[in-house]
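Which chain is which? They are A, B, C and D, in the order written, and residues in each are numbered from 1.
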Amino acid sequence: MASIEILILILVASSIASYFLTKLNSFAGSILTIFSTMFVFVSLAYYGFNDTLITTVNILPGFTFEFTYLGAYFAIIVAFVYSMVSFFHPYFVDHYKYKNAYNMLFLLSLAGVLGAFFTDSFLQLFFFFELIVWTTMFLIPLGKSKSAAVSYFGFSAAGSLSMLFGIFVMFTNVGSFNIADGLASLSGTKAVLVFISFLIAGFAKLGVFPLHIWLPIAHGNAPHPFSPVLSGALVKLGAFVAVLALLKVSPASAMITAISMPFAHYIIAILGAVSIVFGTLMAIREDDAKKLLAYSSMSHGGYIIVAFSLLDSVALAGGFYHILAHALASAGAFMAIAAVARQTGTTKMSELGGIIHKMPITYIVYLVAIISMAGIPPMGGFISKWLIFQAVIDKGLIFIAIAVFFGSIGSFLYVFRPLAALFLGQELPQFKKTVKEAPILMLIPMVIITLLNMYTGILPNGILGFINKINVELGFFPLVINNPALTISGNNGTLFPALIAGVFGFGVVVAFIIFILLKKSRQVSLMDTYTAANFIHSEELLHYSVDFYAPLERLYEKYTTKMTDFYDALANKVKELGKLAKYLFMSKYVEVAVFWIVAILAFLLWGEL
Amino acid sequence: MKSTKFTEPRKLSKEEVDRKWWEIGDFFRRNSLWMLMYCTGCCAIELPPAMTSAYDMERLGMGPMATPRQADILLISGYLSVKSLRRVIYTYEQMSEPKYVVGLGSCPINGGIYHDSHAVINQLDQYIPVDTYVAGCMPNTESVMNGFVDLMEQIRDKTAKGWIKYKENNEWYKKNQKAALGEVIIHDEFHE
Amino acid sequence: MMNSMNNVEFLKGLMNQNFKIVETDVIDQYQVSFVLKQADVLQALVTLRNAGWIQMSYLSAVDWPDENKIEVVYILMNWERPVHIQIRTKIDRNDPVMPTIIHIYPGAKYYERECHEFFGVKFPGNPDYQKQLILEMWDDMPPLRKDFDPKAYSDRKFTKREYNEDYLVLSDQNDKKAKREARKERAESLKGGQKI
Amino acid sequence: MLLNILVGFAIAFFGFVLQTSVAGVNRKIIARLQKRYGPKWYQEFLDIFKLLSKRATSHGWIFDFGVIMALGGIIATAMFMPLTNNIVAFAGYDNFFIFVYLIAVGMLGMAMSASGSGNPYASIGVMRALTTMLAYEVPFMIIVLTIINTTGFSSLTEIGLFQQASGNTWFLIALPLGGIVGILSLMGMLGKKPFETYIAPAEIASGPMVEYGGKQLGMLFIMHEITVFIEVSLFVHLFLGGAENIFIFLAKYFAVYTFVNLISNVNGRLKIDQVVKFYYKWPLIMAITQAIIAIYFGWVVSI
């Protein structure tokens, strides 16, 4: 028996409690964070899967909640990522200036997330949205850079305002703030307006082209334990809003008969495709491991947008599964990087090397996460990418297919880079003594996420069954899954994930037997490598980690700054506008300001009076 | 008359099993010799005809390889200066066992025309074990091919035991190397 | 060519005007050699560098054991006026010291190290002229000095293969001196670029 | 299920034997092309068993683990491969994407192991291999998209049956531009010249394989042979109409591999950026043209 209201209240109460507790003892406060997030996740997952969450409101005035499978799915994923990340807090909060605020804001933002996913009214959705934006905005500057928070807030605010605009347009048209009724009964140009404004909000939150600039800045500079939350959980809010817009609003737009898709949705899919390509190309040339993963989040956001805009039940299921798979993969990868950053103090790949010798478990966690991220079986990412490919191929979307395949192959390139540069290779002398494996409390969530990454890739049918409920709720066909046989049927083929995993295991066993039967190898050190018979004594000279894909980067590096330049120019224009306003209103003479205010008021009220 | 009764097959001892395997391995090894060519001397000019259509080394299963790890034969073609001897020793030690060394030309045998140079060593087998020498300055291509066939026969007869000798008499080799080179592995501003 | 002869004339004028030249040797229209006093060398190099001889092609030495001198040779090149210049100076063989020229030609850093390694010339001012460059772990006198006996070194350092007496073909060691004489004569005869 | 797995393993083993023999025969053919006598046809077997018999050097557990993962992944991929219409281990599950992505596990294992050796040449080789993969995969996938979209199946046997049912209209002919792209991409996949930039023995000392010797190299050779088997069989099933029986399969297989090998032996080697530029120019344009013609206009050449 759990009520959403109770859960939110528990989170708010424990956030206040942890504020004071952390002040007394940061470890105890962090433990409280772990327990409350774990409690919320467990009760959500348990009651959510059994459809017994209670939505009645007894205490909070004015709030109304509604249980939807869509909201529950998102809420469970996000709460899971939150609860896993909270295990990192005991080791990280001490490094931050306002450690009590850190724990408090962390819990408050989870409360906001819960509210946003379970509310039934747009005004409340906006309220919770703002709660998340404001809490996270104060969390991000606790990391490396303050300006990161500014750019995060800028884009988030643009998204929120755009959503607010959409809400008001919808209200004037429909006369109700209710999510389900409101969106369904929209029509005409108002529907187009709402569609666009909601998508702007979704894109800004998801970090999809062209509203992606904040993503690497915020992800790269956020506190290490908060980056997994940002990438694995919070950007999924954008996916939630995008789902509302893409699937519930039907703007009037021409149908493209060749591919049986509305024009508006095709444009959105193209934007998603651009986002995939752009994120991939930028991730390939990034040196900071966290920023690299941030760009990969952008690319995966593109996949999610493509999946939802295809209006196909297979793609839809693929999109929802991708949200889960990417949340797990990106949380795993970011947590592994965070563990490395805690032990070494840097996330720059050019400064690291050979961490595997000291942190093998972290390495395995990262390896499994990137296998899932690259969409290679037997991990979760493969299932979702397979479903999305099915729909893309079935509809014959050539140009989107280019981006989808490019992103899929490109992801091998960029995920391999941290693996090679950061974990593999010679052990650099500065890390030989100081680095050791991450503490056990940090390994627990990482191992859990690794196991889940595998589980989602081997036995996806349980989760796909839940996704089918969402599909039905949204008015689409459920995905054909055969449960005792554990197979999934797409548009043009059948997938048997458990079989793939089993055969892969069999292959590895065979290879292992061959390996073990043969003569034992002679162990040599990593410095004893083929160097064309030259004597090299220092590790840095043999470790190849700078400019890994230089020949490829050279082909496109001229064009990489185009988008940032555009936004810089825009920012300059905004600054100038601000200066003008300042000049007009903030001058020494009060009369001038009063004059302008009166003038503007008069202008605004021109027709009314 | 022999007993027709079932006799327990004689249990092969571990050494014998190993020896059997080793003989099978020798068959593969002598039919697939991969070379790492250390071509610093003039004798290297005899290798292109040996490899291309004139003599076609590939029909013996031989071929060039890129790194010492993959190679079976270390082919020293011509004179070895003191500096390159260090690299040869380093390379030889990187090769995976079993490994063979072939010296081409008279310089690795006795110094050849460089016998009185301060920079060229005179006798390669003092520093690393050499399985086959091909004499001549420079040896013509037939003798190069003949040398390789000799090596194959040595492998078959189990006389190509240079790498075992190097392991067993390692101290002696190390002493010789030290006497000629000082240190094998150097560490200066060009080798950091 | 007119121009190239002018270059030589220009060069001779430049040098004679500023320095006391011990000996000038115009080998051909593209090569001139000046023998200078040791004290003048640095000044001459500075002058020539300013006059356009910006490339330091080589720096080496010649051992003259009979005179008990070592001759240091600088070879310069000008890309505007195609003349190679050799600046030669003889210094004491027992304690050969030559000031460094890395302030004039930074590239000379490695030539000086080589020269020290092979001839034992010291170059104070060059911070690492004593470090090893080409010969790794050399443990004898500089090997290009004439009184260094490579055969003796080789015999001492590298094991020789033992042969039966019958197989040995002993070369006549006395021949060598005559050969050297003949070589010298021939080199003299080739001076100036044409065979007499 | 156990029987299926055994059949699958038999197919993988058959693939290894087949490709190793075909590669040996091809070495002979190339030698004759160059007026040489050439090695024995079973030379590749000798090479592999010799490597397995040697005592290797190892650079730590990730070096060994990567090799095991590479070989395991490739064996697993080959187990899904149909030989003919009937000889297939897991009927119905020989999905095209399994081959493309399960092969990637093997590749990842090899890349990981190579980088784990700590040799910069190996890392450069891996970088080049991944870049080449980024180059050839996109045009190839567009053509495969066209094929799957036309047939409605992503199962290889079904695609083969579809071509046989339509009177042996192979996609190599039915989609002529696509066929050319398929061959070009196959050359990239097999790492044949001019796209063998990532091996480049004279330049980066055989790239990813630089640190391997002995059993690890032998296992990578086995892996390479099975990979070639998978890629050539993919081509046979996608473009050449599959195979009704094993002899047709063998004939088609041999023809494809020899054809590609002959082309590659009269070519030099491209630089890595030239490889990328090449694939993103003509093959991609051809692939898109073919896809538009076949999907949106429905024009497919038929005999």
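To be clear about the criterion, contacts are C-beta pairs under 8 Å (C-beta built on N, C-alpha and C of every residue); 3 or more make two chains touch, one makes a residue touch a chain.
Nothing here was measured: the structure is a model prediction, and the numbers come from that model.
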Of all other chains, the one whose Cα centre sits farthest from chain A: C
Most centrally placed chain - per-chain CA mean versus overall CA mean: D
Of B-C and A-B, pair with higher C-beta contact tally: B-C
Geometric centre distance via CA averages, chain B-chain A, whole Å: 58
Whole-Å gap separating chain B and chain C, where each centre is the average of the chain's CA atoms: 41
Chain centre separation (chain A, chain C; CA means) in Å: 70
Separation of mean Cα positions, chain D and chain B [Å, integer]: 35
Set of chain B residues in contact with two or more other chains: 67-69, 86, 94, 96-97, 186
Chain D, residues touching no fewer than two other chains: 53-57, 205, 210-211, 214
Sites on chain A at which at least two other chains make contact: 522, 528, 530
Pairs of chains in contact (touch as defined earlier), listed by label: A-B, A-D, B-C, B-D
Interface residues, chain C side, partner chain B - complex: 128, 131-132, 134-137, 139-140, 143, 148, 150-151, 153-154, 157-161, 163
Parts of chain B lying in touch with chain A, wherever the complex brings them together: 67-69, 86-88, 90-91, 94, 96-97, 185-187, 191-192
Parts of chain B lying in touch with chain D, wherever the complex brings them together: 21, 24-25, 28-29, 31-32, 34, 52-53, 56, 58-61, 64-72, 94-98
Residues on chain D engaged by chain B in the complex (per definition of touch): 27, 31, 34-40, 43, 46-47, 49-50, 53-57, 201-202, 205-206, 209-214, 217
Chain D residues within the chain A interface of the complex: 5, 8-9, 12, 52-60, 62, 64, 67-77, 79-80, 90, 92-93, 95-98, 101-102, 104-105, 107-108, 111-112, 115-121, 123-124, 126-128, 130-131, 133-134, 137-138, 141-142, 145, 148-149, 151-155, 205, 210-211, 214-216, 218-219, 222, 271-273, 276-277, 284, 288, 291-292, 295-296
